[in-house]
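Labels A, B, C, D, E and F are assigned to the chains in the order they are written; within every chain, residues are numbered from 1.
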């Protein structure tokens, strides 16, 4: 057994999708799975054999319980998950076909993680024994209190000498609570050792201007080095 | 074609249930249907051949659209449905088996109907041509503004000389926003011509004390007449 | 709301297909949907926001009722559908896989639309308020009486000043009742404003010889202009 | 191996039913099985170990082929099945629930067996080696030519000294082609050794008046002996 | 958190059943779950909030891994499960319908637990911290080495002062390896504190003659006290 | 009807795969079909209209019966199948997705075919009337007795003057019982008229060194002629 322990922190949502290429409720049913970048990382590291624990805030109800059971199935420790107010976030996905694009409908407002705030998680307990801490740029995007909680998380991890990684994962549609991604993430990355990002993330979440137009439809490989130039935050 | 028109008003929720007798997310899927007493009445009266229209408040998204499409399938007019803020209410149902009881998890907070308030529905349009208006005691239970909207609905219908029916349908777990069912429903039934109720509804929603213990596990037929004694509200 | 109204007219069939790539009845089940070019157009125009009505002839039974309900779901007006003798047409489809080709088995004989004849549809009612009328070359192919009914339909639309479109949609296997596609469609297109066709349709349904061999396996782009040369019918 | 051979003859239909207690096409799918009393008997006798062969008339298409394959699965000989004109009969079944009754929609007109007539089956081949022949009162009910074919079948079996059984199985809704069940079945049973019947069958199909009202909702056991009194046809 | 720990030990098998009331492979599919009395107890005690660990012997393959994942889902500790030679036991179940009885086909020979023998499990590790140990009469029935291992398990638990329970669960069809249930279980129960049994178990597995005929089809309540008379093993 | 008769001989296994791209037991279910090269050939030749019979050894249980029923469905004669000791072989298949490779878990030990030995099959009966006999290199790979039985089969066919074909189908993971593929197959092909093989089969199963590296990831077309040089065994 390794003495390593990976702890990841962030939102997880119930993903509801019609079967196959059906439209929403064409058949009376949804395929239901769980989606969240930080949870995915915990499942992956557990699958590779690293002891892994996933931290989030969810309500005290059987739907949240079933998510916790699913994480346990993948050998992820769930004993550090915190119960809070609010609901499980949900998103609906309809697969596109031919000219018909895919659709995503978010129903994530008032989720427990969106309502969570600094102080709601006992970081001493949540990070006990951790050697690596991972979070993303999704959680800070969903609400002001969640952003403050995310910054609290990396500060706590840094203070304990834990290696901290963050996948910037910029989502334009999420940043609606007041501050920009750049304002928040520039602060957050001060406590991060390993940043995972593409060129859009660098521009939008860190304000590193590299002249990349991510909507142009093709990759501008030459712009990558500029994005990646060392910088101090 | 009849010159009659039934209009029903109230909440509708997405009902998500695991297949058969499975536990929540034992398989990655939910059977998805729509549930709401007022919508059920509109579907039934349409099925019996009466022109029927269903009025509610839902968000502008494809999940709400699929509910509207499902109502149209049953020949219910949906053109009077109003789009508002908030989300579609959801409830999760797990069928019990043997000693294991069924479970219901409500995720209906912040629904469009809960956020709706007097003035959000143009009752002249919603009730145009109506000869019968039906609502229930569910909508007033979910929020203070919804209660005010429900009272506004029956007042508007009464003012237009439309026959008004109300299924009291008392739900103990819902009345949490401040007032009791009795305080609100005693007001609402002043504008109702036909009340549908069992003895528990009479006691809890109208304050008609009939000495019935609805948790005793058997029906007290002798108490019914007392519940049904004429009374003025 | 637009003052436009699209009316489409033609056959619709129940489409029964085994799940996935299974052979007929490998599992005891069929995926069941509805297929018909004119119905598809009505669904599409309704989806784009144009008031749309679909006209056809179907039997008075619950299977036909479920087709009508499905059309309503897509916001297509179904009140102009006529009930007649005969049955719902059915076709069975087995998806091919690798070297195994797909199979289609038609069971459309004696369908209500095949038995329908001029006079069975009250075109004044069916076309009331219409600004566009659409039909195809499928309906005239299925029976002599249906062909006469199709010609009656475009004549009625033309007489009312409605824009008429027709998708020639030539199907070699269908024209078995006596006359050729060319004999019938040359007459029908006299009342059509917009013809939709590929080069095979032009040759087979209108007799415009353009030297195209549609079984050669490749497209002869140069032959298109000849097919499309203006011609009077 | 036994030297016995059971041959059964009659109609088989494709049975299409929505899954569970769903309404027609609530989900886009049907559970598809095969139903026919004479085929059921062949499957049963094969299951009990008796060599069994099923004779019917079906079209030459892959749907009929899949029925034949299904019969082979149950070890029923299918090499005596005859291909003819017409289509496979179909019936749709919707399971009732609570107050909602079940629904059956027949789509069996123009089936191959309904179109079949005396001479279409080579009874020397169909009955070769048979020691028992079984048919029912369904086939004679569906068309005049099928009735003539059914009478031909029992005459041929009787002439060969084969034991003949017939399940009268009276279906009021089927006898629509001109003659009554009583007229036809009185003739057919002259060539039958073993008649299977309940009291309604005796009355309706054989004209044995026993004073039983089959719609009264309860069984009149005392009337049974009268129904069963020996009689000569 | 409780300082209690329940450890259960025994066989678990993959249970494969056709969907609904279908026959084996009527549709190409099986519903797959896991079945084993000792695993069920661990799931139940975990569900009631008691720390619970399940011990068994399974092969090192992904099918066994998926069983372990399923146990983790129910919050059962699986870290004490031992990997051994052999295969996962399987049983096939076909649900009966009407007169057709259910069928069970066992495919459990050469399972890892059947091949396991004393010494294969480190009981100091498997029972570390346990306050209750539970096993059944199934494991001793499947092979001579498994019987010896089962006796070893209760001896080890008794030696550590752990409360030991055993569900006799007599299965006539299993005891085929040489000794009778009575010979083996009389020895095993010497180390058991709590025996769970019905009257058949008492007779067959412990040789307590109470004059009960378990095949008579009705319960002989008067014989129960005799079965339960205190006895020393 | 042809006077030809194809007889094929070899193992068949129950193939259990999760639905779609799910992991093992992500949903509680498996898609269940049957897999075996020799059975596939019999199904194919029957499908092309050649009388075909499949010979194998399976246990006397309903799972084996369902395989036999499935073969009958495809018009393959199953009356020459022999019942023996042991079990049905099983293999589990998980479809890969993206970077995740497919997984196959074999559970074929102690299968009836693996336990079968020379003398278990009456080749006079099994080959009666056969004009072509087909087997593969799979059966000899699974056990010493099965290899001896396979050699017995081709000797018997050759002695009767039947054309014999063999698909070498080398599987590195199977040859574990002692002898190499080359030792056994060099003997077996002495009685074979038509050998089906790729270059790996030639090298591994027949010892024809052609300098082909089958793990190199590309085909070496130039090495084929050397593999195919005439040789005497």
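The criterion applied here is as follows: a contact is a pair of C-beta atoms (placed from the backbone, for glycine too) under 8 Å apart; a residue touches a chain by one contact, two chains touch by 3 or more.
Predicted model, so just to flag it, every value in this text is computed and none were measured.
Among the remaining chains, none touches subunit A as well as subunit D.
The fewest steps needed to get from subunit B to subunit F, moving only between touching chains, is 1. Interface subunit B/subunit C: over half of the residue numbers present appear on both copies, so the contact uses mostly the same residues. Same interface as B-C, judged by over half of the contact pairs sharing residue numbers, among the pairs B-F, A-E or A-D: A-E. The interface with the greater number of C-beta contacts, when C-D is set against A-E, is C-D.
Rounded to a whole number, the gap between the C-alpha centres of subunit A and subunit B is 37 angstrom. Averaging C-alpha coordinates per chain places the centre of subunit B 50 Å away from that of subunit D. Touching two or more other chains at once are residues 28-29, 69-70 of subunit B.
This structure has the following touching chain pairs: A-B, A-D, A-E, B-C, B-F, C-D, C-E, D-F, E-F. By the touch criterion given at the top, residues 16, 23-25, 28-33, 61-63, 65-67, 69-70, 87-88, 90, 92, 94, 103, 105, 107, 109-110 of subunit F touch subunit E in their complex. Within the complex formed with subunit A, the subunit E residues making contact are 69-70, 72-75.
Contact residues on subunit E toward subunit C in their complex (touch as defined above): 22, 26-29.
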